[in-house]
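The chains carry the letters A, B and C, assigned in the order they are written, with residues numbered from 1 in each.
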């Protein structure tokens, strides 16, 4: 009996199914990451056309992009929107997450579903509706339209990430702080927020990236203004030039650097070690 | 013992700022679309009222409905491919140690750090007429004419799968990792072969994750606009593209609104189907 | 004069009375335990004292002033949680200093006070460690130091030993009680563990369904329980319903489960239906062959459980009930060992039988 059990367990852990799994998964992961690597390599071409591998390497397209006024303006607009949207989205979403977690259990699910519903609404539909409203208020093609529109799609992500952190947060930590003389606000400030900082950071990263990369809603709302994705799109529709690869690599770098910085800052804020 | 504490209701004040924003940026736009979809559009003039013209048109003109079903078909295909590619990765993530798991997770979510447009550009550079693959194949003398790798459904599906695969792997992994290992070991100890363990234990228990992942990817795919435009040229047309065209080129808001609502209905049906499957699985 | 008074303290959730009109007065430096099964209202009471739950009615007086409506941060209570609730992102020192920092105390004064309390709980060497780097016992000491450093009027302990293993728990019990005596701080201790309650308390408050069943010293509660519930909740006991059949002055004859026995009690009247409690350790058993006294009962050993310092027997008394007996396993004190199914004599002395009226 014991021997049979062993041999079956061995069979369960036998190498072949696992090997196939590893090989297949590696291919999938390659499929996920390779295009971006190829894109970055191609962006360093010195030719006037794209090819892989590039015959000669250089940074001429980066130079061109960086000194191009169109790209500068687009990058500036995208960054401006994302930098306004991220903190606002973090504050508003965190308030909602707290309200849901600390509010009555009854009705929580329904209200939460409503608060995160913009997440499952196709952006084309939202963009269409927002365009109509923006036209009515005569604010289309301005930050007054872009920022609230972006907030609508970023806040649900903050609610989800911060909500998940709050759920695992042990409320007695906050109560301990209260009994030690901290008011509700300071208890949250000194205890809760630092401990749920992974959720806050994730929410901030999501907000920034979603806003920075948003295309279709801004596409509807903008007439003359161009964010980076809009500029890339119109360039792409016109011609596939190496400059588009260089811009893509640059935006990739911006989001990657920002993510790393936020994660690192989060570590510092969180005081390092967080026990489960 | 249900605790009803009036103190807790006051927490809902924290929802007020966001609710206020949502009213303006979410609920009013949706209601506006609903109203618009029943309005009449005649010689560039929109008359608000209760007309079924737009719905009649999109359901009977032959082309809108066809494109709608094409969009559904495309979305189902994307969902299926995401599931087939994502499931093994999620399974591997569950089997390996915590360190390897973190690395795989990073690779899986890394495309999320780049915009859809960047990822599409990458595919254009790979699959295009003078893209990497055709370039290499021609220079090796394997083909003489470039293969049509994009500006067709293949290119669109491939690029969208690349964009949404992460959204499939994450819920799958969550569902798989909540399955107790000992269940599979128990099955193994009863003499079950790996493949039958997978089909009788692992797969059914991960069904909630499968449903969550598929629903999410399907919904996202239904609304996809950018990738078909870039990867499909004008050869793959989706409902979102029709919506955009109706508004931006023809200023026909009522028709665009009706198409948007058709899209929402399709998504609503998908959510109902998936939640009823989940309920059925639970019982 | 820092005493604590709970006057008709009540908490209702809808129609459910979580805590039902509790009255309790705690003297300065007294260690009072709220004991009861889960859901009896002990934790709700503690949380009302701490200020996390607002009472539906009643008063709560700490150090002479009514605390109802005062938020937790303005009550002078020190609270130790079941899981200690140490701030995971702060070092031991910062955890302990938190309360003083909230009082906006001077840095130098904070350092001085923190050092002093860390010394008291013998943690000065670990002061720069993070909570996750401490053992369970050390974590508890930090929690205690953090609660005590703010010099509260009352210390509240919510099942503080739940997360410790048995040996450490016994050790921490003594340590905590010594510290509490030294600082002479009024303490309310919530537990469902009777051993903790008996070994630590000046007084025990036994609660059930939101009400107080009995208040008394550990020995009072254990030896003279006011109800069958209290008797059953604290320690092992044999409880039977009995009827008083005969009275001759203070000598009362009672019958239970087919047995007749004479006890002495002031209050019993004829035909009274009562419950009687017999603690297992107050029953003696002897080998059958020893010369039998006439008030002894005959029976046989139904089962035997070895518990180390004692041996627990279930004895079926002839024409009577099955009775639980704890026999001392001391090798020097009239030690006797019995086998399963062995016939024995059971001695029930008068003062072993406690009537619950």
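The rule is short, and it goes like this: a contact is a pair of C-beta atoms (placed from the backbone, for glycine too) under 8 Å apart; a residue touches a chain by one contact, two chains touch by 3 or more.
These numbers come from a predicted model, not from an experiment.
Q: For subunit C, which other chain has the most distant CA centre?
A: Using the mean of the C-alpha atoms as each chain's centre, the farthest one from subunit C is B.
Q: Any idea which two chains share the most contacting C-beta pairs?
A: A-B
Q: In whole angstrom, how far does the Cα centroid of subunit A sit from the Cα centroid of subunit B?
A: Chain centroid spacing, subunit A to subunit B, equals 17 Å.
Q: Just give me the whole-number Å value for how far the CA centre of subunit A lies from that of subunit C.
A: Result: the chain centres lie 54 Å from each other.
Q: Which whole number of Å gives the spacing of the CA centres of subunit B and subunit C?
A: Each chain reduced to its C-alpha mean, subunit B and subunit C end up 59 Å apart.
Q: Note the residues in subunit B that touch 2 or more other chains, in rising order.
A: Within subunit B, the residues that touch at least two other chains are 4-5.
Q: For subunit A, which residues are in contact with subunit B within the complex?
A: For subunit A paired with subunit B, touching residues are 4-5, 8-9, 11-12, 14, 17-18, 21-22, 24-25, 28-29, 31-33, 35-36, 38-39, 42, 49-52, 92-93, 95-96, 98-100, 102-104, 106, 111, 115, 117-118, 120-126, 128-133, 148-149, 151-152, 155, 209, 212-213, 215-216, 219-220, 229, 232-233, 236, 240, 244-245, 248, 251-252, 255-256, 259.
Q: Which of the residues in subunit A end up touching subunit C in this complex?
A: Residues 170, 172-173, 175-184, 186, 190-191, 194-195, 270-275 of subunit A touch subunit C in their complex.
Q: For subunit B, which residues count as touching subunit A in their complex?
A: Against subunit A, subunit B makes touches at 4-5, 8-9, 11-15, 17-19, 21-22, 24-26, 28-30, 32-33, 36, 85-86, 88-89, 91-92, 95, 104, 107-108, 110-119, 121-126, 128, 130-132, 135-136, 162, 165-166, 184-185, 188-189, 191-195, 197, 216, 219-220, 222-223, 225-226, 230, 240, 243-244, 247-248, 253, 256-257, 260, 263-264, 267, 271.
Q: Which positions of subunit C touch subunit A when the two form their complex?
A: Against subunit A, subunit C makes touches at 50-52, 71-75, 77-79, 81-83, 85-90, 98-99, 102-103, 130-132, 146-147, 150, 156.
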